[in-house]
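Look for chain A in each of the two complexes below; its partner is chain B in the first and chain C in the second.
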Partner chain A sequence: MINWGQVLFNSAVTGSLYLLAAVGLTLTYGLSKFPNFAHAEFMAFGAYAGYVVAEELHLGFQLSFLVAFLATAVLGAASYLLVFRPLSRRGASIIHLMVASIGLGFFVRHALQQIWGGAPLTFTVSWSCFDVGPVRITTLWLSLIGAALLMSVVMHLILTKTKVGKAIRASSSNPELALASGIDVEKIALITWMVGAALAGVGGLFRAADTRLVPLLGWEILLPAFAVVILGGIGSFYGALIAAYILGLAENLGVVLLVSLKLSTDYRLAIAFLILILTLIFKPSGFGKLFGEGIKPV
Partner chain B sequence: MTTPPPKGIKTLAIWIVVILIVAAVAGVGGYYIGHSIGYDEGYKKGYETAKPAGPVLPEKIKIGSLMALSGFLGPMGQKIKLGVELAVKEINEHGGINGRPVELIMEDTGTNPTQALEAFKKLVEVDGVQVVIGPMASGEVMAIGDYANERHVVVISPSATSPEITTKFPDDYLFRTVGSDALQGKALAEIMLEKGFNKIAILVLNNAYGIGIEEKAKEVLGDKVILTIRYDPTKMDFRTELDQIKNSGADAVLYVGYYEDGRVMFRQALEMGLDNIQWVAAEGVYGESMFEVEEAAEFMSRAVMGTRPIAPTGIRGYQVFSEAFQKEFGEPPSMYADTAYDATMLAALAIAYAGEYNGTKIKDALTYVSQFYVGATGEKVFDKNGDQLTQFYEIWKVEKVNGEYKFVAIGTWPKTL
Partner chain C sequence: MKGSNLSDPLIYVLDMVVFVGIFSILAISLNLEYGFTGLANFGKVAFFMVGAYTSSIAANMGVPYFVCIVLATTLAGFVGLLVSLPALKLRADYLAIVTLAFGEILRFIFKNESWIAGGVRGTTVPSAFLFVNLPIRTMMTVQIILVYSVLLVCYIVAQMLVNSPYGRVMRSIREDELAAQVLGKDVFKYKAQTFTVGSAMAGAAGSLFAQYMRFIDPYTFEPFLTFTVWMMIILGGPANNLGVIVGAFIVQVLERGARIAKDYLLLPIDPHNLRVMLIGILIILILLYRPQGMFKESKVKTPALEVAKKWKKSS
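Right after this comes the complex of A and B.
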């Protein structure tokens, strides 16, 4: 007998994590036109920043989220100002920028490893568990879903109601036209990098609290995060929103399916990637098109 | 023990480290290998049959070692390597092998079969090593198996337990000083039957270690197994897997995992409310590191018991080893430090008996001298496949006393030797 309520809830947990991990990636990809591999390290960095606050300074778990958000925003800004903007100004191609992002990732990851070591660290905060009908819920899982929901609403309001948000969308879909219309594209890019990194930091902290903290933390979810970006359409926030939950659902339904087929649940990600491949074949711009957003992956 | 899937991106970083590592441990000369444990009749007899020292042994005798010093088994490997180091130190203090000091060359496998193979090639091609202690994980041993056979290099693993090593590489250069999981799978299954469970869910790592135990246990449990799940240790999101067990109506879970995934698995199992059924686990989750996660420790004290290979209880060899280890490192030996020690001692004995630093000669000598060696973990006789003829298992559980968690022994399998 399968407890579908639980499977759906678990999918929401998985999807919320992927959403937080992917939003920054898709926005910076759309705006700066290259996949940022250091995004994985943004997640790990946020998690370590949160760890310092919650476990080393004992200032509480709630505050650690704020610090993770702010600290990773600073890292995102620094990455843009010190690495990616100078390179773009010198006419770096997508390959140059991508390799630079891998290099930046190495730098950040090994810096983290030097400071905290490679051994897994854990958060000592305990969550309370309770049952809603047949569904088992913990406060952590609920706050992860809550955070993703809150982020979605806030991002929606920013993108549709504020000047900055409209500028982000304009710069993403047509940088030249945006520039010609008087939008400071570089300033918009800086803001996007900060917000994107900050959300990744929060996502990383959730992942660390749910599992454990290692310098490679981000790489474990970078692959599904990229899948979300492609599936949702590069640069599309709303596409990513849908894609994250589709992927979460596919993975968890995948587990149920694989177990009943007596196959290893190792293949859960393969199911998600099958969806991705089919999307690339039949609808290369992802769901982004539905919202008039998204560009074809190069 | 076995290996999780490789983490590709880490390889480059680790390679840089590997290139930088040059380990050199040297000692002074003397005449024979001897150490405090060896002095029983069997050992002496084995020693006396050894051929006299020949000029064919090199000035320094290299013993290679492949240990998972980082990665999933890193915390365990850091402890196991001490067993090898202690043995080499004792050998050198007693004059090396036929007067030649032993040089230990240690390499990190990163708990990754690909990296293990690269490190093994380095030991063989660059250092010219003919005997290797390790690697720890079954997947790593199988990754280097073909190469070892091709280059005639003896490999003695202290902890690779997969039955697949026997079936894939019979009668060859691969040896191990721990029993095959053909035995542990049977032990786990028999313990579960004895406890009266008849709706059993099996939850194992999707690798040679996990699948090895799963298949052997199923031979004993038959149709009492109602659900089997092989999981990916890197996913760390086990809620839906656990929910499948919860809804299957199982009255017990047979579990095979490692520390890092095990801690997350147990924590999520506690959160999912799976502490109301009995979990019976293999030795991969035995160790104090499990208690670093409070929820995992709590879950274990509520619901987990398990097995682990040990030296037969009360044997003198283990006491002597344990005291020497404690004196050297200031801590009691961890699981598999003892089998690593025995593997190293057996390698040295075989080199002495072969009288020549040659893998083929050492291989033939190893099977022979093993009949006369009684070490930290008791008798270590190899069968023709390089497997242990016998293995003794402790049955353990976790107790919470005054807020402190600890492992306690509650029996053995078989009940008596």
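Right after this comes the complex of A and C.
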């Protein structure tokens, strides 16, 4: 008998994780016009930063989230200022930017592996868990959903109410016009890279606390994150919001199917891949047009 | 074959020569896609993997090697066509994401399905030259002859392709897709064909690799392998087939150099981490300071150009 309540709750948990992972990716993609493959390593970096605070310095788990957020923001800023902005200024093609992001990702991942080793690390913090009817809930999962909700509300307010948020949307949809209107596009890009990376860092820490901490942590959820970005429409925050939970639901239903077919649940990645391919075939712009956001796929 | 490295330096050098040959085939295949046509294939390793696994499975069933490599090449080309179709009409980044993801999915399949080729435990592969019992040095020489014959074929095919009218359309797609369309070229068809040829060559390289290593497992086909091929192209110079072979040589020296440096300099760093970090940083530096690579794009050799040269000389 399948516990459907649990499946739905798990979908909300998975969706929240993918949302945190994908928001930064879609915003930087829309603004800088290339997919940042090093986004995976932003997640891993945040998780390791949190690990240092919580497990090596014993400063508590709450503080580790703050540190993960800030440390990854710094990494995001450094990546933009040292790698991607100089490349863009020199007129690098989209392919060059993608290759550079992969190079950066490999560098960061193996730097992490050099320092903390490739073996999985675990958090010793224990999470209280309780049952609501047939559904098993842990406080970690609740905080993950809470964090995703909080992030959505705050991002929505920033994007619609503040000057910075409006400038982000303007620079994403038409950089030349934004520049002509007196927006400092490069400053806006820097802010977006910092915020996007920081959110990925927090997502990575949640993932690490829920499973285990390895240098490959971010790489493992990069494919679902890309599926969210493309299904949601590149650069579209609201599209990503919907797409993340669709993907969470699809993946958990898929796991039920895989188990009943006696296949390895590792194939959950294939579900994200399938959604990615179907989006490209039938609606390459994703949900982007629904919200008047996103960049054209051709 | 790796165990014999230390006892005989000559074997080590010959081993490196074989690797340079196999990676040169991969580099030429990616050069057709990226260097000449501007297609971002971030999953080169997937088609290399298709070739390696096809060839090993066939060889383990007793199929002669000549047939194995043909099978590997054909199947890899076909898979390449299938995978590229959904993304070819869109911008370059979509193809990059799809091919990268495909490589990872394929690796997962080979990892989980132990009935295909041993799953995580991998599978042994018979050498192409089982019928003769040769001393190791002779064996290596025979391997080098085999690998470099295939490389030569790939090189000639690639050169003929890019110097033909077909090759000029490839370059025009890279430079300005819209302009190529306006001239009445079916851009989608050219892209799909180029991707198929590129993937087929990668399949041949995979087949050579599997029979040379005599063992393959899913861990051999990490995404980093694709990245090293990109490094060869960007270092050597895109759209220059000789340049990327030089690139393949340099990347091999770098990769092995990192391992040797670790052994002799007693660096307190894991050689694999050092190798990956070094290549990651180098590629960013090249893209920043010398994005055109070491060698310039090769000129198109056409009969008209030859006539023009003669005319210029005589006048």
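Going forward, the second predicted complex is superposed on the first by the 289 of 298 C-alpha atoms of A that agree within 3 Å, B and C clash if a C-alpha of one lies under 4 Å from a C-alpha of the other, contacts with A are read in each partner's own complex, and residues count from 1 in each chain.
FYI, a contact is a pair of C-beta atoms (placed from the backbone, for glycine too) under 8 Å apart; a residue touches a chain by one contact, two chains touch by 3 or more.
Being a predicted model, the structure only gives us computed values, none of them experimental.
*Asks:* Overlay done on chain A, so just call it for chain B and chain C: clash or fit.
*Replies:* clash
*Asks:* Once chain A of both complexes is superposed, is A:T138 in touch with chain B (first), chain C (second), both, or neither?
*Replies:* In the superposition, A:T138 touches chain B alone.
*Asks:* Between chain B (first) and chain C (second), which does A:L276 come into contact with in this model arrangement: first, second, both, or neither?
*Replies:* A:L276 sits against chain C, while chain B stays out of touch.
*Asks:* Touch check for A:L205: first (chain B), second (chain C), both, or neither?
*Replies:* Neither partner.
*Asks:* Once chain A of both complexes is superposed, is A:H110 in touch with chain B (first), chain C (second), both, or neither?
*Replies:* both
*Asks:* Determine, under the contact definition given at the top, whether A:L223 touches first (chain B), second (chain C), both, or neither.
*Replies:* second
*Asks:* Counting only touches as set out at the top, which of chain B and chain C does A:N3 meet: first, second, both, neither?
*Replies:* It touches chain B, and chain C stays clear.
*Asks:* Under the stated touch criterion, which partner chain does A:L241 make contact with: chain B (first), chain C (second), both, or neither?
*Replies:* Neither chain B nor chain C is touched by A:L241.
*Asks:* State whether A:S264 touches chain B only (first), chain C only (second), both chains, or neither.
*Replies:* After superposing on A, A:S264 lies in contact with both chain B and chain C.
*Asks:* In the superposed arrangement, what residues of chain A touch both chain B and chain C?
*Replies:* Residues 106, 110, 263-264, 266, 269, which sit in both footprints.
*Asks:* Could you please specify the touching residues of chain A with respect to chain C in the complex?
*Replies:* Counting only chain A, the residues touching chain C are 34-35, 37, 83, 86-87, 90, 92, 94-96, 98-100, 102-107, 109-111, 113-114, 223, 226, 230, 263-264, 266-267, 269-270, 272-273, 276-277, 280-281, 284, 297-298.
*Asks:* Enumerate the contact residues on chain C facing chain A in the complex.
*Replies:* Going by the criterion above, the answer is residues 34, 38, 40, 42, 86-87, 89-94, 96-98, 100-102, 104-105, 108, 111-112, 224, 227, 230, 234, 269-270, 272-273, 276-277, 279-284, 287-288, 291.
*Asks:* Please give the residue numbers of chain B that touch chain A in the complex, ascending.
*Replies:* Counting only chain B, the residues touching chain A are 5, 7, 9-10, 13, 70, 74-75, 206, 227-232, 234-237, 239-241, 243-244, 246-247, 260, 263-264, 270-273, 292-295.
*Asks:* Which positions of chain A touch chain B when the two form their complex?
*Replies:* Residues 1-3, 6-7, 10, 13-14, 106, 110, 118-120, 122, 124, 126-127, 129, 131, 136, 138, 210-212, 216, 219-220, 251-252, 255-256, 259, 262-266, 268-269 of chain A touch chain B in their complex.
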